[in-house]
Structure formats: C-alpha cells, structure tokens
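Once you scroll down, you'll see the structures, which are given as structure tokens.
In what follows, chain A forms one complex with chain B and a second complex with chain C.
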Partner chain A sequence: MAYSDKVVDHYNNPRNVGSLDKSRNDVGTGMVGAPECGDVMKLQIQVNSSTGVIEDAKFKTFGCGSAIASSSLATEWLKGKTVDEAMEIKNTDIVNELTLPPVKIHCSVLAEDAIKAAINDYRTKQGAGVSAETVSH
Partner chain B sequence: MSKPIYFDNHATTPVDPRVLEAMLPYFSDNFGNAASRNHAYGWAAEDAVEKSRKQIASLVGANSKEIVFTSGATESNNLALKGVAEMYAEKGNHIITAATEHKAVLDTCKHLEKKGCRITYLPLKGDGLIDLDMLRDSITDKTILISIMYANNEIGVLQPIKEIGKIAKEKGVLFHSDAVQAVGKVPVNVIEDSIDLMSITAHKIYGPKGAGALYVRRKSPRVQLTAQMDGGGHERGMRSGTLNVPGIAGLGAACEIAQKEMPEESVRLRGLRDKLRKTLESNLEEVYINGSMEHRLPNNLNMSFAYVEGESLLMGINDIAVSSGSACTSATLEPSYVLKALGLGDDLAHTSIRFGLGRFNTEEEVDYVAKKMIDVVNKLRELSPLWEMFKDGVDLSKVQWTAH
Partner chain C sequence: MVSGPPPSDYFAIFGIEKKLALDLEDLQRRFYSNSREWHPDRHARASAQQLAWAEEASATLNDAWRVLRDPVARAEYVLKGEGFDIGEQRGKDVPPELLEEVFELNMALEEAREGDANAKSEVVRALAKFEGLLSEIDSERDTLFVEYDAASARDTLSRLRALLNRRKYLQNLVRDARATLA
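Now for the complex of A and B:
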C-alpha cells in the first residue's frame, strides 16, 4: 500500500508527541480505540479557561501510519482553536488533508472521536470544577 | 548491500541463477511440447520433464512416476483434496485438517463442505503443533484423508509429520501434506514420513513461479485421484494441460541444488536467524516468539513487538521486505488467523513480524535489519500510549477500552 506524502511526513516527523498532566483541571484527555483492534489514540488538550482557546495539544498513538498521521494532524489543528471550534473538526477534513484511502477512513474517525473525548473530558472537569481524578480511559 | 533487503522468503524466493540457466533453453531452442511423441522437439522437452521428475523424486525419496506436475501448490492442494474426496466418496466423506493450514487447503475444505464433506479443523497447541491424541480421536470410519502441512508459512513450525503418517497408516486413512515451506529446507522423505500425497512448489525453493508438483503414492497404498482438469490426459490422466517445460526444468534444477546444499545452507541460515533473534531479544524488552523454537524451520523467525502496531513498524523499516500478522496489512482487517489459532491475543497478533531468511541473505543484512528494527521499535514505543501505560504499571487487560 502506498502512503500519501503527508502521511509519510507525519509518520517521520510526528508533531506534538507526548503527554500532558492529566490530573490538571485545564487538561482534557481522550483515549479511544482498543489494542485488539490495532489502534489506540490518546489525545490531550490544554485549554486557557478564560479564553477557551486550546493552547497546547499532545498525542500518543498505537496504530498504523495513517492512525499516527491522523492524530498528529489533529494536534496541529487543535492548537489555537477554541474548544467550540475544535468540536467542528470532522473526520472527512482529516481524510481530505491526508488523502486517506477508504480502508484507512476508520483512522480519521478515531481521531475525531479522540478530539471529542478530550473536549468532553475537559468540559466535565470544568463543569465539575474540582475533581481531577475523573479522567477515564 | 542492495535495498530493500529481502527477508520475506516464505512468500517467495528469487530464482537462483543456476535454475534460470537450466530453464532458458526450453523457452527458445527446445520449445517443444512434451506430449509431441514423434519429433526431436517433443523428445527434448520430454527429456527435460523426465529429468525434473527424477530430481524432485530424489529430493523427497519418491519414485519419479509418483510426481504429477501442476501450476503450483494451490493447484496441488486443490487436486489432492478434491481429487481424493471425489475418488473415495464411497468410502467416506470426512477429512481432518488443522486451523493453521494455508488458505489453499482451508478454502478447498470449505468448498468440499458445501459438497457434502464433513471437515474437522484441529485446533493448535500454544506452540503451534497439533495434538496427536486429538488427531487420533477425530478419525472415524468415514475418514478418508488427513491434510496437515509440513511447515507453517507464518511461524515456520514443523508438525510431527512422521507421527501423523504413522497414525494415518495404522487407521487406513490417506495422508496429504502441503510441504511447500519444508521441501528443500529440511529433510523430507515420503517413505519415512508415510506421506501419501504431498504438495510442492518451485518458487519457494529458488525456482520460478507457476511450476509445482503433487506427489501421489503409487504403492502401499496406490492412491487414486479424480482429475480436476479435463483435457488431453497428461500426467497419467491426473492433470491435463500442456506441461510448462521451462518451469518444470526450473523446479527440477531447484530441487537438485536444494538437495546438494541443504545440509550447509540450513546450518548457515539457522545461525543467521539465531543471531537476529538474540540481537533483538537482548536489545528490546517485551518481545515474544510466536510458535515453537524447537520444531521450526531454520530460516523462520516470527516475533511480536508488544505495544507497537505491525503496519507502522513495516512503514518504519521500509527498506526491509518482511510481512506482518497485523490486520492493517491484510484486506480483511482481521489479524493473522494462524497467530490467533495459537491462542495469541489480537493485541499481540497486531504487533507481529515474520522474518523469512533465504539463500541470498548475508550476515551484514542481518546486522542491519536487527539495528533498524531496534531503532524503529524504540521510536514507535515513544509514540505508543500503550507503552506509556505499561511503563506506568497499568494492567492493560483491566482497562475499559472504547471499541470502535
């Protein structure tokens, strides 16, 4: 299977690899997928709670090159967006940007799910106000 | 060192230059039809075919009259299973095989099930070997055939062929073995192994693609087959079709070279394989060998690199040709059924790599591959949330994953 240049670029130079402190109230963590399915994505955002702007984003992904590229691209797109804007990112945007073949569309779906899960986690924390230990995998 | 480095010799092998040399005259000067009995072109072609038959028979301890030429092992497997099922339909309709057989056997069995055969798919033990007691217990008075491969194409595990042959003989059941990975790599002898039918292909032993053979025993017992290809009655009526003379000459030459060089070559490849294994094991944590190391082809290594998905690994080692049991590398999105049959979890099956060494691989290549593997596995583990969790002491089996 041939990979698009953009997938190869993200695979060779993944952006924003790493982890944020998931116990922090301004950090939202999304972990989606399962090892048995061959893909697990962890995506984290750090949000400025007064502006709602995502100031940092990090990821770690177990999965094929397209899954790595999808999550790497997602972190690039998330930085600088508000949480509401980030909710608008669609998996089809990722498919188009990376020119993913049909068999790899699920990688983009997973990335969208990871974004939503991270935002939901952040919002839950903000709503709850206190609990730092409610992060679920 | 030319790139990409080829470590996928279970998929296919390059044609040995000596094999090519043996084939070339039969494309041009001696282009005759081996069935043309009344002129020199036909005789020359027939001589080449008969020479090849002897070369193959010699390698596997058969009589040359017991070799039926086919287009390859898929056809040989189809002919053996369907041919026996039809010919012995009055005796019974039960066939025993194993879950880790090649698709050419498994899908043929599925076809036969639709035609009214009953198939037993034996499960495998954790090391990839079949359970002989279970085999014995599966045999009924309706059983006509046992089909068990000699060596597995993914994990290289060698089945207890002699013991299976003994059981089959004792019970009066025919025994077919798909031996494409074993012939020319380890000693195979149809007499000592009590094999009645055996599939062989040229392209796994440095011969050309499109040439194969089926060994069909002629004495004690005399095996009969219903032909699956009707036509001119070639190959004693078992397989019609004009013989692929250059391919057949290549198959014969490949067998002769294998017979001569196997003792030395298998020792050399085992040494290289073991070096690869040791280097990987001593430099990486959490790597697992799939299948028995003791009962294994000398040139095979199948390893899982936990927490690193197979396809992303292949992408990182794109100057090395290997294959993975990961779902992502197949069209089905299912990880290797062979690894799953060993009881391996899907998670580890997704992280497996098959290394198949061959005649033209060198120690320099092994060193390069080992180093590259270590670098890429380490890089991808830095990227892997599972590796991070493992390092943090999280029990991944207890995590509630979100299925998708």
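Now for the complex of A and C:
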C-alpha cells in the first residue's frame, strides 16, 4: 500500500521530535499504545498556564509510518492552540489531512488518544497545583 | 463418510467441547484421524454432495488446527466468539507502567542500533527481563484457561484479553530486541 505524499513528508522530516521535561508542572505527557501492533507513542505539550496556550509540543513514536506522521502532524497543530481547542482535535481530521487508508485509522486514533492523555495529564497537574496552593494559604 | 454439512465451529469440527485448556496430543490425534476420514481418496464412490462436504470439513479442520493448537490464537478465537473486540480497543487495558517500560526499551533499542555500547548491554538486560515477563504471562494465561473452563465467567475472559494485550507488546519487544542483538 502506498503512503500519501503528506505521510511520506512527515515520515522523512518529522516535526518536533523529542521530549519535554515531564516533571514540570506546565508540561503534560501522554503515553499511549496500540496492542494490535505493539506501537507506542509519547506526546507532550508545554502550556502557558496564564493564557492556556500550548507553546511547545514534542513527540516520539515507535511505530509505523502513519503513526509517526499522525503524531508529527498533531504536534504541528497543537502549537498555538489553547488547551480547550486542542481537545477538539479528532482523529478523523488527521485521517483527512494525511489521507490515511482504512487499515491505518487506528494509527490516527493513537495520536488523538495521545493528545487527550497529554491534556489530561496537564490538567491533573494544574488541578493538583491549585489545591496545593489553597492548602498552603 | 460425511453425512451432512460440517460445522463451521472450530471445536465442533474436532468433535470436542469448547475449552481453553486443551490436551494438544488428543487434538493432534483427532486432527490426523479426521483428516484421514475426510480425505478425497476415501470419497471415490461418494456423491458430489458428500465430496463437497468432505472438502469443506477438511478445510475447516485445517483452519481449526492452526488456530486451536496455538494457545494465543485459541484464546482469541474464543474471545471473538464471545463478542470481545480483539483489535479495536485502543490499548486501554495496558497498564501505564508497562507502556513506560516499552517506551524506554524502544529508546534503548534505537540507541543500540546506532552503535551505543552501553545501550546494548541495557538491551541485553531488558531482553532477559521481558522474556521473564512473557513466561509469567503464559503461566497466568494457563491459569485463566482452567478458570474459564470451570466456570465460563465473562470476567475471566476480560482478564484474559487484558493479559493477551500485554503479551502482544512484550512479544514485539522481544522480537525487536533479539533482532537488534543478532
């Protein structure tokens, strides 16, 4: 099966590969996997906590070309969005942008799950941070 | 001689009850004897209909043999039959620590492939660990097999599915780690 040009482009020149310091309070980390193929994906966001805007996003994916392209594209889309806007990203948006064939849909699902997991992690940290502050007052 | 349309169920084609813990020797004996019975040579004087049934029975038997002799494929067959989704469930059953470990090992594998000697010894260690985990999983699996055969509880099947998901990751890792070290 041939990959679309966009997939090939992201695969050959993945954007935003790397990692952010996951111990930081303004960094959310999402780690997800697809048992059917054993692929794993880590996606991280760094958020400006006063504006809620995602200022940086990084990923590292051990998986197929579509999974790499999906997560690479996801990090591009995430930067500059607010956390709430990012929550709206759907795997179908990724499928359309990359023209993924039906057998590769789960790869885009992985990317959506990673985004949600990263946001949830960030929100949990922020929530925890707020209550810790409240306690200290 | 086949006297009617053969069953499509993999256990039924062997003439056994649906069970997860199977006696493989018994299964093999049945495989050979059924294969012989349904062989076209034995149907030289059979009607076209009977011959067609025998062929169908042989084909099902071959598929069933391939699936039932393998514990993982067998478990997946039973899970599917009971309405469990095998492929489509987003890895939710996999504990985060395992994903974390899988990720770390993948990083080490990548470094080892790029020629980092430290990474290589890390891979050796990780491989031993993951092989150990695999065999633990397999004995846990056998325990669940017996548990399911005794009570047919759905809960046993969900635990089995979660276990098989973990196994899948480990299996891929072990394969990749071995390939890197080879």
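Simple rule for what comes next: the second predicted complex is superposed on the first by the 126 of 137 C-alpha atoms of A that agree within 3 Å, B and C clash if a C-alpha of one lies under 4 Å from a C-alpha of the other, contacts with A are read in each partner's own complex, and residues count from 1 in each chain.
We adopt the following convention: a residue touches a chain if its C-beta (ideal position, glycine included) is under 8 Å from a C-beta of that chain, and two chains touch if they have at least 3 such contacts.
Just so we're clear, the structure is a prediction, and the values are computed from it rather than from any experiment.
J.: A:Ile45 in the overlay: touching chain B, chain C, both, or neither? Say first, second, both or neither.
T.: The answer is neither, since A:Ile45 touches no partner chain.
J.: In the superposed arrangement, does A:Val109 touch chain B (first), chain C (second), both or neither?
T.: Both partners.
J.: Does chain C touch more residues of chain A than chain B does, or is it the other way round?
T.: Of chain B and chain C, B contacts more residues of chain A.
J.: Touching A:Ile94, do we find chain B (first), chain C (second), both, or neither?
T.: Once the two structures are laid over each other on A, A:Ile94 reaches no partner at all.
J.: Identify the partner contact of A:Val17: answer first if only chain B is touched, second if only chain C is, both if each is, neither if none is.
T.: A:Val17: touches chain B, not chain C.
J.: Contacts for A:Ala34 in the overlay, against chain B (first) and chain C (second): which applies, first, second, both or neither?
T.: In the superposition, A:Ala34 touches chain B and chain C alike.
J.: Touch check for A:Ala86: first (chain B), second (chain C), both, or neither?
T.: Neither chain B nor chain C is touched by A:Ala86.
J.: Does any part of chain A touch chain B in one structure and chain C in the other, and if so which residues?
T.: Correct list for chain A: 31-38, 40, 42, 60, 62, 106, 109-110, 113.
J.: So in the complex, which bits of chain A are touching chain C?
T.: Residues of chain A touching chain C: 31-38, 40, 42, 60, 62, 106, 109-110, 113.
J.: Where on chain B is chain A touching in the complex?
T.: 307-312, 315-316, 326-328, 331, 333, 335, 345-347, 350, 382-388, 396, 399-404
J.: For chain A, which residues count as touching chain B in their complex?
T.: The contact residues of chain A facing chain B are 3, 8, 11, 14, 17, 19, 31-42, 60-65, 67-68, 103, 106, 109-110, 113, 117, 136-137.
J.: Chain A touches which residues of chain C in the complex?
T.: It comes out as residues 86-91, 93-94, 96, 99-100, 102-103, 106-107, 110, 165-166, 168-169, 171-173.
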